[in-house]
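Every chain is named by a letter (A, B, C, D and E) in the order it is written, and numbering of its residues begins at 1.
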């Protein structure tokens, strides 16, 4: 039984999502309860799995017991074991959080939205675990389809942004299929490890380059890397408030992981054109970091600020990939982990403020901290982490990125990191200023105040994100050690 | 302007890989990489391992059964999404555009003739249904499989609501109910895997279904169970989407 | 021989696509999209993928019906 | 002559045509003003990729991948793997189309149009109205 | 685990303030003000005990080193108590308790709002200051340095008005930019040297960083320090931050922030680059000339300011440059002098600020020209003010003399007459801008009806400022009184220059 953990992590949210509608028809809270329970179980299982990977090394799980190139395989190395823990935790928190945003009068709809979120989690977890390129495509489609739906729930604007995202996302998925088609045409296999072995024999440079031309835009679109980010701000802004932390926090990271898998695990650094790809990636991320921050400065809607800041933060992650030393890659993944909680946390705060006061305009946030000290504490911590103030998670990922850049003598990247964090500081301190300093505006609470400032299902995510931001910062070495178990072999 | 640039870029992007076509295998070459490495294994072992003469079926529901499970989930997801997206209650159905509206006679009936209902309902639909069931259970031997069967069943429903008045179709399933039913399809699939786990095997390892029969039979049972799941999922989804879309739009024979 | 047939069918598909892009009437676009999926089905069959062709045939019908249902609510003419 | 055409098609021609189809699909998504056409073009694009995959699995003397008594050697059957994969891809494309159509319907209900430029104009109008409303408050 | 084990004490000292800060923030709005300030005072007393208890061990030359866990790969989060850090820690913890008492008086007398946030941020600042005193390596130092930057921000914008917001932005702009550049420099230093532990005498050698880059990195690192220390031309946030309440100004100018900047300069010049490298890359020379420029110019600017707090602010700018100059002369004497000037200036300047605050709370006067005859009304306050002013000017038997004399000694031994002249001239300049205040206050034959009646500041304000004034006289007469701070400073100087001799 214990050896089935990798697949159970993905299966539990799936089964609960499939049952959710039927259960909701039986009793209005049963479906949501099942989803919550399964997400929690999946989080616990992924923790156990992380422990297993750390002590026992990489897990290969052959589904249907067909050996690697013939069947589909889950490969859990230390890298995606850590990411799985993080993503499943965020999934669980989002499910908890989302409950507050449903339409009370229509339980079926609430159940359906909950099922969508659970399927999004399934897709994300599956994409993280899989070791098969086509299986990755299927999970990618699950992730995207549920994301289209969740984005479209955010009112009429949401529908339009979802439609645009759908068109662009389908182009990305098609490009991805083409890319793996080209790779398949020269290797005849779909398994990542097998593909690596065949490609390592050499002589496939042309095909690999062609595939790279398809794959970089494909992942770029999905992770909203700079020149391909067009769909992202409006989609993030208008997504359904309940599931927004998951969409903004996690959804962009998984394609980034897939991109890492292709560039470093399948192509490897011996590939002749890998340098060109990395330089290209570096240019994208540098401009993304600057562009995202500059655009975020001009916004007043907090959701838009955070959406544009995501463009910049994605730049940090792809910058780590572009530098390519193990330490920089570790930095990129640490930033990925940290950013899940930072961006997720910021959107938890946004959601909480919206839940209580019904506003998203930062000009109306005056002195909100008097009424919601906990939320504003997280808001501040996450904002500081985005800027990169120690001892939050954001500082340490920046540290590893800068260290990697210094190791490669890419001084320009260090300069860009400094400039970017200063630009971040400009708009995040503007936000903090609004929350703490501005004179109070007449915000009326929409709900009768309870004993706590918020319902428990919002407070738990907020507190856990707060702890995670500092925990990831102070105990980053443990995580980096685990990440390096995998990354040592793959970097430049 | 933007569009022109994009089109030019596209033309370039078509022409540039033209040089790179040498990297792709020659079409029809039996010795090319995709036709040798993994493919040969499937062709040689499909009958023996999976008890399925149709190799495509063997690939999709046995070797790569996990993909298919999520493919069915995608179908369910699409149905669910449509239900959610079209959940808001519009004040009234969108009227058909003037270019598509037809005149009605004094009795309120549309003046054009429709297909003969009797023929449709009594002849064509049963045939399609029987064919669907044949395709479902024969998927491993001949062409077809769960997906096609599900789509055929969906088409039966389609004919049904096209021919009979859509307010009173023969089998009437509300969209949310249909989506809930569609969910059971992938669930059957997933549970098949759980059964193999309980039998001591890995996920979807049909050999380990805890039944006291020969392993080839076990594969047949597993494949059939899975195909049934796919059928339910796909049929349910198509019915869901149809219902959800039809609900919104007014037709000529509606009683306003 | 099959390759030439494939090429001809592909050219047909390209022609249909151009017609769809430049067409002024959505209804016509949808109907020729139906033809498109029929040609695709033929193509798949020629290539020795009857399973895929079968699926495409069924899908082609269903998605065309979807399109036509939607089209009832939408202005047929487009710029 | 015939063999020359065949060789050309087998090495480059079919791939080129597929790529043209794909590019037309992408171009349609970008150029078309009408959201419905964009959706159709999206389907075209997906067909192109499916076709590309199936090309990879072709064998010139080959039978369909259903075991028959007459053909016995492995190399005589057409590669079944791309077929399996593309079945999945087709289903995904149907799902995407369904979701896209329902989104389209919502857009139509909300904005009364599915032409992109009209839509953008209306969105701008809404933004401006919201801003005015905010000021008045 | 024995919590009073010597190795754990630096950690305790940091944690006490941190806990206090957290407690105040969480409980602040729910408990009575007395309880809230009780937390502050308890923490201050505990902290002072913890810090003082380490002095004997440091004097005995024992190494107190605590490595907690790896903070980044290859570098641990470590505390190391050395004489230089000890001096600063003693000053900070001593002044925390005094400033706390004073704050209570000031805040209540003035009826301030947002007191919870104020006390929480104050405790956080002290936590960061103690942390950076005891930090054993660059990254630990940087962490506390940035925490200090952020924790000071709520204090600067305490009044939440437009002016406060503006100076808050200015403060952040200066400190964050320099902090980020500092960060980049740390990365470069770590990547070339592979170590980050502070070593007396420095760990960077010429072959690690060739010449032009050494200077660039030197200034990238020193930038953060001199921004916080207010060396011209990077000083402009400091007068702007005057809008904050007086205890905050006192904290900024006397205890935590500017001293942290000076301390940062000390660590970078003498513990990272080391005297040889600092001299070889000309960094020390350039910095010394910047300091000279600052000392002279700031004095002239101070003369033209009639707002008492602004005048004191420019005085701070000048005095902090003494420390920078003392560090950059690169002799054991001047280093000891510079370190001791941290002590000296802290006590003197905090007296001045507290006096200014007391005047403001009692009579609501800010402008010097309106203070004619105020000595009659507040004799004790003004006596303390006078004593501190004389000390700033460096009169013998006042604490300022000891430090300045040592710096001058160092300059003489290096044969730098310009520096000597500057130091002496600046003493006179200090007299010219501080003495007028005293003279105006005690002007005879003026009957200002406002000040006719005698009514000094409230005891909570009066007592701390008298104590600091008295301490600044005692330390001037006996530099080693009580805590052996001068010995510690000399020890630090010797440690650094020992390998060279």
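Quick note on the criterion: contacts are C-beta pairs under 8 Å (C-beta built on N, C-alpha and C of every residue); 3 or more make two chains touch, one makes a residue touch a chain.
Keep in mind that what you see is a predicted model, and the values were worked out from it rather than measured.
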Starting at chain A, fewest touch steps before arriving at chain C: 2
Contact distance in steps, from chain A to chain D: 1
Core chain by centroid distance, with centroids computed from Cα atoms only: A
From chain C, the most remote chain by mean C-alpha position: E
Most widely separated chain from chain A, with each centre as the mean of CA atoms: E
Result of counting contacting C-beta pairs for A-E and B-D, higher pair: B-D
Inter-chain centre distance, chain A versus chain E - centres from mean C-alpha coordinates, in Å: 43
Separation of chain A from chain B, taking each centre as the mean of its C-alpha atoms, in whole Å: 30
Whole-Å gap separating chain B and chain E, where each centre is the average of the chain's CA atoms: 74
Inter-centroid spacing, chain D versus chain C (mean Cα positions, whole Å): 11
Chain C: positions in contact with at least two other chains: 3, 50-51, 55, 59, 62, 66, 70-71, 73-75
Residues of chain E engaged with two or more neighbouring chains: none
Touching two or more other chains - residue numbers and ranges from chain D: 9-10, 14, 20, 26-27, 31, 55-60, 62, 65, 81-83, 85, 87-88, 91-92, 94-96, 98-99, 101, 103-106, 108
Pairs of chains satisfying the touch condition: A-B, A-D, A-E, B-C, B-D, C-D
Interfacial residue positions of chain D with respect to chain B in the complex: 9-12, 14-16, 19-20, 23, 26-27, 30-31, 55-62, 65-68, 74-75, 77, 79-85, 87-88, 91-92, 94-96, 98-99, 101-103, 105-106, 108-109
Residues of chain B defined as touching chain A within the complex: 17, 20, 22-25, 32-39, 41-42, 62-67, 70-71, 73-74, 76-78, 80-81, 83-85, 87, 176-177, 179-180, 183-184, 186-187, 190-191, 193-194, 197, 201-207
Chain C residues within the chain D interface of the complex: 1-4, 6-7, 10-11, 13-14, 17-18, 20-21, 23, 26, 29-30, 33, 36-37, 40, 43-44, 47-52, 55-56, 59, 62-63, 66-67, 70-71, 73-75, 78-79
Parts of chain B lying in touch with chain C, wherever the complex brings them together: 27-28, 54, 56-57, 94-97, 99-100, 143-145, 147-148, 151-152, 154-155, 158, 238, 241-242, 245-246, 248-251
Contacting residues of chain C [partner chain B, same complex]: 3, 50-51, 54-55, 58-59, 61-62, 65-66, 69-77
